[in-house]
Each structure stands twice: as C-alpha cells, then as structure tokens.
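One structure, as structure tokens, below. Some questions next.
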C-alpha cells in the first residue's frame, strides 16, 4: 500500500506537518482514519513548558476503521467490527499512551490523534464501536474523567453539588452529576457563554467568577444555596488552579466529599492547613487520576443517548494545518474566531 | 373553636363518613387542612382482607397549615413555618403511623389522610414545607420508596436497569433510576397507558406483560437488551406478585443486584432454590422496607424540580364521599371513569 | 521422561487408580508434585449423585514445583519461582476448573488433585508461592470462600456475628469474621469437637444443634446473646441445609445482612415468604459463589501468619488408595478412625 | 448534701485546686465519682498555648455512679443502671463538651474529668455501663478515634497497613487495624518502649524514627515491606506532625487510602502539591474528626474483651495534685518517674 498520511509533530513549542507511509495493519492491530482529535488542557500545559524531543500529540480520538489486521474480530466489549465502523478508544495501554509517544519517525508513526491515521495495537487497546456522531464521540475521553469522578464521589439522590471550573472537564463532570441524583447543581466558573451552557445542562445556580471576584463573597453565595447554609455535599474541583482547592474546601458541609479533578499537570504547591481545612470538616477527599477502560464502557452509552448538548461543546474544529491556533487560543484568551472556546477538535480534512 | 371536620372511617370492607370536632392544636402539635391523600396498594390489600376494628386510612398526605401549637416554629429541616404553608410529612412516627391508627373516635381523631384535617405531633413527625403543587406533593411518600431503593441498589453510571411493575412504586423507582446514572432503562409491566408514561419518564425499552405473556420470552427479550445478553446490572421488583421474583432474578447478570420493593403485604410464599436462583448468580438482594425521614429530605427537592410528569401520575382525584370507588378500582380492573388508574388521590373538597 | 504417576479416577460412585505418563511441561505450563488435596463437600455431593463419565477430582491443592515450562518465571503476584517451591493455586481458570475436568485419559491427564502430579497452564492459573506448611496451605481454597464472604458482608468493628455450620467453610468464615472486627461471635453447629475448635478460634458463644434442637429455642438463645436481643448484625449461613436459611434470617436484626455461603450444590427449594422473611427485616442478602484470584492473594498472607489453629482442621490425611474412606466418612457419620472429621486431605504418599 | 469535691482549674499555664459543693442530681442528670481521667495531647497543646479564662479539663473519663436524678433509668444503649455502676461516656454533647467548659465557678461546677466528681446531663450524654477495669475503660475515648478511623478507611482482609505515630492514638489505631483484617501491620514511630508494645499488639514491622532518621530511607524501608514494593493499601497518620503527611502519602500504593488522624489541633500548614502528592496516586484521603456515640457503642465491647494489653498503655496514674507533672512530661521528654510515658491518667485519690 503506497499511501501517505500527514502527522503534526510537536517539538519545543513548534509544530510541523510530516508525511509518513501509512502502515498496512500487522496481525493484531487495526488502522483508523482519524475523524476528530480533541485538544486537551494537558496538551496545552505540556506544550507551554516545551515538548521534549518530538511528539505526535492527540489523545482524545475518534476514527473510522480503515483496515483490520489478522486476528482482530471484535471490540473491547465483544461487538463484531468491520471496516467503516466508527470507534473511540482509551488512550492508555499497558505499553504507553496514544498521543504521548515520543519518536514519531519510528514506524508505525501514527500513534497520536493529530494526524490522518491512527494505528492501534490489539488487545492492548480498549476500543469500542459507536454510532455517536464524531463531534459527540470525540468527547468520550474527557467524559470518562467525569464518570470516574462520579463513581468515586458517591453522590446520593438529593445531594447538593458544586462544580468549580466550567471548562470541558467541569462541564462533563456537571453532566455526570446531573444524572447521578443531585437535587441542586451549582457551577462556579466563567466566562458567561460557558455558564449559559452549564445552565442548559442543568446547573440550578451559576456563579461567574468575574462578577463575584472575592473568595469570601463566592463562598457565602455558594453556601447560601445549600440547605440551611450548611455547605455542599460534594464539591468537584475542575478549575485546575491552586487557590481553587482551599476555596472549594470551604464550600463543603461537615462530613462532605471533595473531589480533586483539576490537577493533571504539576503547577506547584499551596499552603494546606490539615487541621483547619481537612480535620475540622471531617472531610473525604478523592483525587481522580485519568480514567480506565471501565469508564469508557460505562460512559459511551450515555454519550450515545445524546440527552445533553454534547456536540455544542465542540466549539471549534480546526484542520491539521491550524493546530497552533488551537494551542494559542487555549493558552490565552479562550477566544477563537470571535467565539468563546470550549473544546477545540482537530480534524483530518482541510476546509 | 367549634369547627367540625369529616373523616372516612373504614371497618371491615365498609366506609362511613363521620364528623368530629376539630381540635385546637395543643403545644407541640400542628393542625393541617388536608389537600390530597394518596390511595396506596397497601391500603387496598388491608381493606381486601377486612379492616379489623375501625381505622382512618390515608398515609400519603399533603396539607396546609391551619394552626400551629405553642412551641412549634420550624419544620424538620429547620425552615420557619407559618399558617398557610403547604407541608408534606412522613407517615411513620416513634409512636405509630398516620393512616394506620385504630380508634378514630378517640381524640384528636384526625390521624389519617382521608379526612378534612390532619393533626400532627411534634417533634415526632418529620414534616417539611414545600411549594410543589398538591398533585406533585402528594406523591412524596411513594417517591421515597424509590429513593430508598436507589440508595440501597448502588447503581453506577452506565448501568442497565430493569423495573418490574408499572404501578406508582414502579414508576417512582423508574424516575429515581433515571436520575441515578442508568444508561439503559427497561420497564416490564402494563397496561399500555402506564408503559407510555414510563417511556416519557425515560424507559428505553418497555415490555408489555400482556403482549409478551411467557416468562421465557420476557426473559429472553429483556436479556437481549442488556450488554452482550449478559443480563441487567440491577433489577427492581415493584410488581408485588410472587412469580415476579424468580422471573426478575433471571434477568440479572452474574454479580448483579436484585431489589425487592414489591411485597409490603404478606401474600404468601414461593419455592426458592438458593443454589440456582441466588448462589450461581453471586447475587446481592436488597429488601426495601418503607422509607425514613432522610428519604423525604432527599426526595422532596427532586419532586419540587418537577422535571418529570409527576402530576400526570395522579390519574384521578376523588372526594371523601367516593373513597370506595377508588378501592374498587384498585382491587379490580385499574379503570375509573373510563381511564387507566395510576394513582388515585382523595381530596377534602366535594366537587 | 519415562516417569509414571497415579491418579484416582471417579466414575459413578466408584474410584479406581490409574497410571499415566508424567508429562514434560510444555512452554507456559508447570508441573507440580502433589502434596495434599482437600476433600470438599461439593465433591461428596457430586459423588453421591454419581459422577457422570470419568473425572479426576481434587480442587483444593498444594504441591511442589517439579518442572517449569519455558516462559514461566514468576507466580501470579510477581514472585520469581524455581523448582522445589511450594505453591497453591485457584482451581478456576478461564478454560475450566482443576478437579472438575472430564476425560482424564486425555493428556495431560493430571488436572485434579487426587493424583501424584498436577499440571498447570500459565498464565491462566492463579498460582502463588507459599512457605506455609502443607496442612495449612491445603486450606487456602476453602479459606478464600470465607475471605470472599467477609468482603461482601461489610462487617464493622463492634458487630455481633453468627456463623451457622461448623464444617470447614463455617470455621474458615469464623476466622475471617474474627479478624474483621466482630465484637461477639456466635457459632451454631456441631458436633462438640468442632464447637470446641470454634471456641479456640474465637467464638464467644457456641450453640450445639444437637443439644438445642428446636429452631425456636435456638433463635431465642442466639438473640439473647445479641445487644438488647435485637438480633445479629450479620449472619453467615455455612450449614448448607435448606431449613438453615429461614432459621438464620430469624437471627438477624432489622437492616442486618445475611450471607448465603452454604449452597454450592443444588439440594432443592424451600418456601420463602418475601414479605415476612425479607421485607419486614429490611435485610440485605449476599449470595457468595466461590472465590476469585483476588481472594487467594488476600487470604494467603493470613494463612501464612498462622495465628489460628489451621493445621488442626486437617483432621485426617489419607493416601490415594484410601480416597473412598474419605467420601464415606463425609457422607455418613463424620467419623473416621474414631475421630470427628473436620477436613480430610488426600496425600500422594502411601503410608 | 453538704459534700465538697475538688477540681483542678487551669488558667493560662497554671493549675489550681478548688473545692466546690457537690451537687445533688437534678432530674435528668446523674452524678459520678471520678475514677480516672486521661490526659490527652489536645489538652497539652491547648495548655501550651495558654488556657483562656478558666477551664476544668479532662474529657477521657470513667467513673462510678454516685447518685441518679429523677427520670434516669437506663444508659445510652438501654441497659438499666443503678448506683455503684461504672460508666464511660462520650465527651461531646449537643450543648458542649465535657472537659472543655469555661467558667468552672458556675454550678454545677463538675463538668470535666480532673476532679472528684462529674455531673452528666441526660439524655444529652451518651454514657454506657461497663465492667472493664478503670485502666481499660479510661481508654475508650482515644479508642473511639481508632474505631472511627477504621470505619472510614475501608480496610479489606489481606491489606498492608502503616500506622505513623506510636502515641496512644497510634496504638489504638493499630489495635483497630489488627482486628480489621490487615495481613501486615507496619508501625513507624518511637521510642523503643512504645514500639515494643506495638509489636505485642501485632505490628509485624516497626520502624524507629530515631534509628532510621531520613524520610527517604524510611519510605524505602516501609515500601520494601509492602507487596512487590508497590506501597501500603492504607496509611494512618497519627503522628500529628506536619512533615508526617507528605511522608505518609509517599508510603501509599496507587489508589490507596490515607487517613489523617493526627491534627486535632492547629499547628500550621505545609506545602501540598496536589498533582504530585494526590492526583498521580489516585489517592483517597479521609480526615477523621473526633468520634460519635456510635463509635463508643462499637468500641466498648472490644475494650471489654481485653484481648490486647490495654491496661499497660496507662503508664502512669497521677493524683489531682500532680496534674502539672503530667502536662510537663507530655510537653517534654515523654518520661515520668524514669519511665516512658504512653498514657497518663489522673485519679481522684491521693496516694
């Protein structure tokens, strides 16, 4: 097969498009034509610090099966597969993680989503067939973070929940909280377009951090929306800023739960007073790290039901040649083409 | 106060309206004007067997505060109350249960819902102020059964759930399952109007037991809608018939959970094979008995959000003088005035 | 290798010793020299009904590594292994179960414990190196049933626990309950030698079913030893008789837990009244089916600490030629050589 | 009643013995003759910072019922009581906490344990009759901290557990871990006499922080005792020093649990890196604040069984007149009368 495919190679803070021969799938592999690859805050953080060596980024992926290697007959949950099927997959495998592999010049080259093809090893990769549209399916990876968080948070019917941060992880967590029995959902974030989306998802109260700019005021406001001002049952910290943690701990009621879902990259430390911030509140804290195949299996049918405005979260689709614009927008003003960015996805096709 | 109120007294299978003087509330009591009182399957079962002695039935209640005894200033969750507030309350107290007290001729008489007034002791009674409309608020007691069941069932995001029985308890449990993360909801019941309501609530699949009349066919059909035919994660038995239990156990996957929510009255025994029905499935079984104040506190805000067609479940409102018609409908064809019965509520006002 | 080994072949109710060539281990297999193989109640039940075809029984095994096939370097938990190491293993694999395979004349023949050798496939088999003595190590399989039961029962510090049945499963469950925080342990069983062992393990109260022969009396006695007579927090049914289930349900307090750990074989049905036996007690029931590799990993270090009289539970060791005597004892009077039988193990060596 | 009793009044860092008239119990109260009152690290911390105003300290108490006010007939769990019974009680009530009340000159004066009498309100106080000897019973309050910690930690059979800190809270937590299914118990603390007691309780490994003085070495040593060096399942931080927290987090395996049981007083803050210390370990953290009546009810029967060297933990008993010596020892060298201090109890009787 003499086909050639493009891949966006990151090094330092530069991006470069290279062409590689498209591999014929070996036994126990499959080859996907990329449809969409989400751009994640972790990508932006790593790029901001400068990518060491060379890397083909893109770990939030959906694609179409182009060719199937010998011995592959079904997806992770046992559904039969054939060429032309759409699949999503978990980026982590026992031998590494798609979208985080170095040395893209090494065959089989296509091991990240910012490219025309993606080459999957089997059975190492949890990939699952789906009929969700690409703009919905591309969200599965961030959605699984919310699924993981909710499975750890042990939300009960009737709980009052706060989500800090209205980026993709915050909105995904909000959706999962909405379908997990919360009686009242409070979103603390911004800017306003994201909060508007949060309300459509089901946030009963939104607090705009630009409008209510002091921690004390926000804390008082959030607590005023909890039963008898006693605080929230569960707080999800999805903002990813250090001061959000002590602020969020201050929203919680005695014996409540704090889920840390915001620090997937190391941005430093803060002063934690274990007596005042943790002990006196008899609090449980769950630190949520990534997601596992189980969360993909559980989350996908929820995406497929499409009862929430998932597709609208993909605010922008950019071709491979404009990857940098996406990184710039997410490290700057969260604006692109005059519109608030929520999730940027990279598509293989040029417009 | 020389007021007089009516109460429907049941004895054997007869009903009779009596008039009693309306009590002035003693210290630590409150007096409600009844708005609506639900008619429950348990009432019908007990009446069918013949009420021993005399009893003022009605344990699913909503009313308006008519007068407040000295010392009562707030409801169970700490909200201040005043005359004119609407309240719901848990029928169980440390000293008995509203709607199940014998000797209605004994003052204070009004200790059940099929009457013009309801007299509440405090702080024994968990009563809570609400602004839900009466036709929604009257459903809180059956709704708490669903809340209790879901808190025991430990449903996880992405689960496949079956509810057996499409009466009020089944529909309430379906709503609670819908907001607890289920990816797929399967309702097995009938007749068709109830199943139509189930679909509007969120049932993805409905199985009409009149159309699919053999246990084997139903089991095969239900399992065909579960992932890889492996069975449901959780089954809620809300049908209340004995054969529904072994049938429902057959819907479950290995290591799944079976919630028994249907046998609030003793209708006899069935042959249970512990090896084949329980052990080989490594199953967990939760038997849900009634509900507690916590379930009222958790359930009420969900009712108040009114995101489900709660009010439509009250298919019929009958005045005190027509209580018997309600009992007849629920012990017969589930038809009244030419319409399928879901929940019948008794109102104080004559039309 | 021209070695020959013996195997006890069961067919119908007969046993016969055959000789088979000892296989050289293929790649990804290991060969054990059998040390001890426990005789289990399930074996006895199946034998009693007549073994269909031919079978090499014995699924509770400990052996010494005789030879290691190419590619096998470590046990299930990652410890390096070499010839001469003692190992235990879980009898269930993805392709079947040691001790339950038909057609023993088919190579590799040695797929059950009543034989001179045991041939293990890898990595299908969870086998773990141990330095426990053989009479302790041979108990790991029944011990994992207790581990599984306790992990499901959710015992809390200070609970009052009842174990019904003082056979090996009952005693193993008692040990697991003892180390899981129980404040009071009540054993209901017999005969007296087993109850004496139960007391040495830590039973605070023993009830001899021969001395206290009526269900009512036993129930009253058991409940009199629970806090305020309210019933036990958790009951483990390890007796394996049908009437033990309703009796044990009667020991439990409101909202308690009943663990069914006794019906690994189908001995029929009993009349279950779901209202009276389950609902009115708001009970949780866990049906424990076998055990999984996790339970071996967790249970083995407890056996190795040897803080309980494990070795004494192996009341009798019989050579291969006397297997039938073991079956006879366990299907009759639980006496062998004038002593009460607890666990019989089959050893490869003739005395 | 003209009796007079002594009380040790703390103000600033001074102690003074005052005499007060002994109150006749009002209805719904009971009067105890103090037997022993434990001296707690929290007392020492507060005293070290200087007691504001005046306070009668002593919240770990056991006493004999001297007189019973009208209306009191049973203890918290429903046992009948009479004069002469020994009782322990939870120091917290809905209206305050025994041993932390200001204004001891106000009647009824005796509201802390460093005195001849203790005056209990009813039913506000959870008091329970016991037949444990005073030196065992006086430990119930610190023991309940361990009970609370273990109920939150969700230890499973076969877990590897680390306890940091070998003071009374650490030793109590060690006992609770021992009876909760741990396969391996590792105690990190000192000095040697305490570690020797830890080994007798059941610690399989003890790490003396004086001998192994670097964090890196201790971490390596602790991890070398965990399965495959992967870290402990659960770590209990009972040392109460700030650096113990990041150190203890470093002992844990991926997805393990960290229980913070050491910071009952505010001693400041430390630098917490949420990405490296929490997220990357996918950790759960439980902050344990005090204990509740349930923990007394659950813990007392364990104390009463006396299967551990409880009484030996009371290393010193001092009369009221020597309270200061206890505070000095606990704020200094943990030595008194030439012996290592574990728990100091204050007795009413002068030697």
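As written, the chain order gives the labels A, B, C and D, with residue 1 at the start of each chain.
Criterion: contacts are C-beta pairs under 8 Å (C-beta built on N, C-alpha and C of every residue); 3 or more make two chains touch, one makes a residue touch a chain.
Predicted model only: the values in this text are computed from it and were never measured.
A.B. asks: Which chains make contact with chain A and with chain B at once?
C.D. replies: Under the touch definition, chain A and chain B have no mutual neighbours whatsoever.
A.B. asks: Just how far, in Å, is the C-alpha centre of chain C from the one of chain A?
C.D. replies: Taking the average C-alpha coordinate of chain A and of chain C, the gap between them is 46 Å.
A.B. asks: Can you give the whole-Å distance between the Cα centres of chain C and chain D?
C.D. replies: So the centroids are 41 Å from each other.
A.B. asks: Roughly how far is chain A from chain D, centre to centre by C-alpha average, rounded to an integer in Å?
C.D. replies: Here chain A and chain D have centroids separated by 44 Å.
A.B. asks: Which positions in chain D are in touch with at least two other chains?
C.D. replies: Within chain D, no residue contacts more than one other chain.
A.B. asks: Make each chain a node and each touching pair an edge, then name the shape: line, ring, star, complete, other.
C.D. replies: It is a ring, because the chains touch in a row that closes back on itself.
A.B. asks: For the complex, which residues does chain C have touching chain B?
C.D. replies: Residues of chain C touching chain B: 152, 242, 245, 260, 262-276, 278-290.
A.B. asks: Flag every residue of chain B that touches chain A in the complex, lowest number first.
C.D. replies: 77-78, 147, 150-151, 156-159, 176, 179-181, 183-184, 227-228, 297-302, 305
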